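I have placed the structure first, in the form of structure tokens, so that the comments after it can refer back to it.
To keep things simple, chains are lettered A, B, C and D as they appear, and every chain counts its residues starting from 1.
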Amino acid sequence: MENIKIKIDNIDVEVAKGTTIYQAAKKVGIDIPVLCYLNLEHLNIESRPGGCRICVVEVEGRRNLAPSCSTECTPGMVINTHNLRVMNARKTVLELILSDHPKECLTCSSSGQCDLQTLSQKMGIREIHAVEHAEMSTYRKDFSPALKRDMDKCIMCRRCETICNEVQTVGALSAVNRGFMAVVAPAFEQDLVDSPCTFCGQCVAVCPTGALTPYDDTQKVLRALADPTKTVIVQTAPAVRAALGEEFGLEPGTLVTGKMVAALRSLGFDKVFDTDFAADLTIMEEGTELLGRISKFLKGDKDVKLPILTSCCPAWVNFFEEYYPCMLDIPSTARSPQQMFGSIAKNYYTQLMGVKREDLVVVSVMPCLAKKYECQREEFITDGNPDVDFSISTRELASLIKSCNMNFDKLPDEDFDNPLGESTGAGVIFGVTGGVIEAAVRTAYEIHTGKKLNKVDFTELRGLEGIRMATIDFDGTPIHIGIAHQLGNARKLLDGIRSGMYNFHAIEIMACPGGCIGGAGQPLHHGDSSIIKARSEAIYREDSQKKLRKSHENPYIIKLYEEFLGHPMSEKAHHLLHTHYFEKDKI
Amino acid sequence: MNKIKSLEDLRKMKQNLEHGMNIREKSNEPESLVQIRVAMATCGIASGARTVMNTLVEKIEKEKIPAVVTQGGCMGYCYAEPTIEVRVPGKDPVVFGYVDSAKAIEIVEKYIVNGELLDGIIPTNYKTINDKN
Amino acid sequence: MSNLKLQECHIKSIHDICDSYKNDPGDLIKILHSAQTHFGYLPESVQRVIAKRLKISVAKVYGVVTFYSFFTMTPKGRHAISVCMGTACYVRGAEKVVDEFKKQLNIKVGGVTEDGKFSLDSLRCVGACGLAPVVLIGEKVYGRVEPGQVKEILDSYTD
Amino acid sequence: MAQYKMHLLVCGGTGCRASESEQIVENLKSEIKNLGLENDAQVVTTGCFGFCEKGPIVKIIPDNTFYTQVKKEDCAEIIREHVLKGRKVSRLLYEDPETQKHIEDSKHMGFYQKQMRIALRNCGFIDPENVDEYIARDGYAALGKILSEMTPEEAIDILKKSGLRGRGGGGFPTGLKWEIASKNKADQKYVVCNADEGDPGAFMDRSILEGDPHSIIEAMAICGYCIGASKGIVYIRAEYPLAIKRLKVAARQAREYGLLGEQILGSDFSFDIELRYGAGAFVCGEETALIHSMEGLRGEPTVKPPFPAEKGYLGKPTNVNNVETFANVPAIYLKGTEWYSSIGTEKSKGTKVFALAGKINNVGLIEVPMGITLREVIYEIGGGIKDGKKFKAVQTGGPSGGCLTEKHLDTPIDFDNLIAAGSMMGSGGMIVMDEDDCMVSVAKFYLEFTVEESCGKCAPCRIGNKRLHEMLEKITSGKGVPEDIEYLKNLSRVIKDTSLCGLGQTSPNPVLSTIENFYDEYLAHVTERICPAGSCKALKLYTIIADKCTGCTACVRACPVDAITGEKRQPHVIDPDKCIRCGACYEKCKFTAIHVQ
């Protein structure tokens, strides 16, 4: 590769051809501010509309200022990133953006996490000129069960549009209108619930302002906790423990399982349980279903539906209900761990504890926004009482902990309660792409072959590539496995299957980049994808430290089947732990 | 329509077509051309000016003479109709009277092409034909 | 915005339009032109059918419709009035002409009278600058329009 | 072709058709038939003559008689008098505004004397729907010559030497553009003709397409040969139905003659064109936006590089030129680079078409050699300012340009001089303003346009232009303060410096150039709160001259807001705070006692 020599702020830099000014500057420690530019390099996601014009720099000999995010270096370039002309331009443009932005930072739900706010502080904006006659572009607010849209705060960075269309291929959002009223919105500026939105929430995860924020149920949780007639239990998803610490200034990838349990207990939850337990349960059901289908197939049954697709990810479920209505019988019928937990809690745990269903409140802490939508699906509500009452995100839990005056760092490490708090390493890795299928393989292998699996780490299933494929030897039977994360990759994989290009026995799909660890309820990554990588490593670390690493070895799972469910795929299990899918038509 | 198959075909086609357009081309540069005006008022038409005009148009087209034939109103020489005015670039305009087809051809061949003087010139003291309009 | 309940035959004609462009999303703008010619405007229902046929998101279709000023989601009046607001017309008083139309019809630019008879729009340069200010009603061009003539012009439309 | 002694050319451009020129053609034809003159006179519908102010135009060949504002009722007289008897219909002749004399033929009209027609060479001269007439004028000869005698490199070299620069606004050397596109290797390349003329008040591209569509097709084919493209696309405004029709007719004829299609003129070169319609977005004049629009997307520009010559339509190398640029191309190959580069100034060769409009006597479309002065254009071609008013400014370059004043009248017009004077060539709109035009309002008018046409992609253009417009609104409504002028200047410069595409990079020009040239006028608005041109309604101050007021109370009754008070038969007074400046009192007062400032 050819190298190019340039000069940035009087520093000589040598970069490869094709490097942008922004990247070159970063190489020598110059942080040019950006607002619309997004580059999640570990995930191959880039959004570079060149629209905010905050990253402009002066290039000697050029008539106007250059957007550093999208201007490639050319030999001999002399660049100035902070002279008066540049600073004045940058500040004026930022002022312009702020002149069309509500001044309600104190009460904004993104306050403290807002890139625009951070930039204003960095640039030392103290007043916005000529604002008294300035019209603001305003839009109707939109509340969905998972996320809120307040597009008055939109700065047209277009990240959400890129994510929704190019990364997720959902197509719920598009830039609409022109000029001053241009905004990103669903068709006809209708509500998201009426659009094909899957509530994956990745638009929220990349929004630099408070335009797209999660729907927040924490007040309802606080009220339930304060209600003496209610027994309130909580389940925490595997990905939460690998990210929650970031909200308290800990290094990305720090595992905070014990402190999280302590905090939840301190918040007043009667029992602190683990979704990982339900993940183990999912493996029992889904793995059995997988093996059932494979053995039928191997016996020559031509009607059996293969590949089996995982169904843990609620955004993915929404996606195939919307876009692949003809394939509704292919995914596993197993409910997601959140919903399995809710069902077991409301139907089994209530018996165990002798509380009435309506007096038990199940709260889930999830890295995910689609979970908020999932727990409200009709099929998971019995007599008006949902299996999972409220789902709050990792970020919401963090703000609860902060608001309850806890010093998170100083909390002791505590253990989950039993029986629904015990889990294996297989349950833990549900939080990362490839984890569900790896967990399923660990169990299915032993059940299918009747042999003990010595090497439980299937590294061939791990990694952050969007689409991965592997073949696992089930003692002579090759099992073909496909893995995709991000819905656009899922679409590619599915279209490949439909066209006969691929042939798989089982496929795992997660909607979010990196799996649940990259969920939209997690602490914001602000464009730094190395954070997601660190979380993934933390998850595998937790798995490797577990004594038990195969779901079917979880003693409480064994007990649950013995005492209550009978066996996997039993009628009771079918009733409580499985579901069915509906065609949606909102395209 | 037949397809044009080569540059040569195109050039031939152009040559065939340009006749019809010549009159417009010439009107673009009247100063550099011989201008022939035929008096075409009632008296002129009655005396056969239209035939004379047709003859002139055909003649200059045939001989490819850089000339343009226009029509004008009565020049006031009704006794001598049909009359034509000829302006050769660089020379004073000349008016011919009693012009018939044969005379017209003679005017073209002798006066315009060879610059010979002819009979039938009406001595005038007018400046141009237009002043009479 | 007004929607249109589509009949089978409507859907068929939209499909025919899309098919004539081989359902190529690259021809979306041409398809929208044809559909607008057919329906007079581009209601939500029409956009949905087009999106589905071309296998693109309806949000994208809507994004395109709202980008180009030629496309409209509201039906026009029986007589669509367009006042040229190109520079030549502006300098020669087009603004006063628009104001007079607004006053006479009691609608805003972009609006339709209640009886659906007239709609009023402004447009950019029809290229008849010699006749400035210019007003178009349907296909008919009115040149050198003065505010005083507006009532007379409107009265000449009796249906 | 038949031999007619007389050709009656009738303008069939949009402007003249708006005044029923089609009916004129019909009437002329039927009168010719009535008088049995079918073999003598031919009626031809042509493209625009440019003299739109006095349309519809009928021009009689060979004597170049130029009839203006012809009505359908005049046709019989023209045939009977002029065609039959050779007597010109003097009342229809053009009258010189200064001498009030009728001018008999177009050669002597001031409007045409300083013009030089290259791009418009066939407009108003041939029937645009008849390919034979185009061929008779050496049409497709340039293409033929290039295909049989030149390599693409040689052909590009000629264009480079000619000095032709893009006429769409930027002025980029056309030959160089073609060369870049030709050097990028790809399996497919595209030639695009930008006919999305969006500049309000400019209509040269439309006129060329309506008057001489074959020249565009020929030039696009030449470009295709030079850069190695077999496909051409004309991106044309949907609002131009006549141009679309004529282009379609022309393309069909060209295909029938084998001038488009496979193996053109017996060569190995194949080329064809198709049309794409714009849908009303000014920003689509910017080439990357145009390409996105052709792909069925929102017409938003993207950052350059990559330039379309590398990655354009469908990701393939694409050469985009505008209509007027293409219209020059065949002429250059026919007449040679020496001829072409002898016209114009050192760095701007050839001619430029302008749409002359506004407060000027001869509104119309003109083509002049580069280097002509504004004075010549306005006073000699344009016939001076309408109604004998005083010249104030001329706006060139449309919404991207600026206002030039008295002091620029003798500046030779070319790309570089206009930029140096704070304006630009743009696509060629030229709007003349007189003493009654308030320059703050003019800047506001252009900003209103930009605000409406901004695509909204980049922040400075989306929000900045809106803020500029609001500030100008504030000033014209009498609420401005002196600091506002500095604010306007700084904001304008930043918008220019930071906007993504050419639209935003030039949109503040009308503001900056009016501040530069009419600073005092701005100052008057924000300090004394008066509008020197008397155009800003909110800045008019109505007072009653006590000496003249008889106390008749007519004004009191006329005032819609009860702003006028006073005893009967005593002088009245107007409360300026209540007054809404409607002018009703002024109209009612019989004693000229109301004073307007």
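The working rule: a residue touches a chain if its C-beta (ideal position, glycine included) is under 8 Å from a C-beta of that chain, and two chains touch if they have at least 3 such contacts.
In this text the structure is predicted, and so the values were computed from the model without any measurement.
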Suppose chain centres are the mean of their C-alpha atoms. Which chain sits farthest from chain B?
A
Chain pair, A-C or C-D, that carries the greater number of C-beta contacts:
C-D
Per the centroid of Cα atoms for each chain, what is the distance between chain A and chain C, given in Å?
44
Cα centroid separation, chain C vs chain D, in Å, comes to 23
Measure off the straight-line distance from the CA centroid of chain B to the CA centroid of chain D, and report it in whole Å.
40
Inter-chain centre distance, chain A versus chain B - centres from mean C-alpha coordinates, in Å
89
Considering chain D alone, which of its residues make contact with at least two other chains?
281, 298, 300, 452, 455
Residue ranges of chain C touching at least 2 other chains are 63, 67, 69
Can you list the residues of chain A that touch 2 or more other chains?
175, 177-178
All chain pairs that touch each other:
A-C, A-D, B-D, C-D
Counting only contacts in the complex, chain C reaches chain D at residues 24-30, 32-33, 63-64, 67-71, 85-88, 90-92, 123-132, 134, 141, 143
If we count contacts the way the header does, which residues on chain D are in touch with chain C in the complex?
13-15, 18-19, 51-55, 198-203, 206-207, 238-240, 276-282, 293-300, 314, 355, 357-359, 363-364, 395, 398, 429, 431, 433, 437, 445-446, 449, 452, 455
In the complex formed with chain C, which residues of chain A make contact?
165, 170-178, 185-188, 195-196, 587
What part of chain B is in contact with chain D in the complex they form?
1-7, 9-11, 13-14, 16-21, 23-28, 30, 38-42, 44-45, 53-54, 57-58, 61, 68-73, 130, 133
Flag every residue of chain C that touches chain A in the complex, lowest number first.
1, 44, 47-48, 51-52, 56-63, 66-67, 69
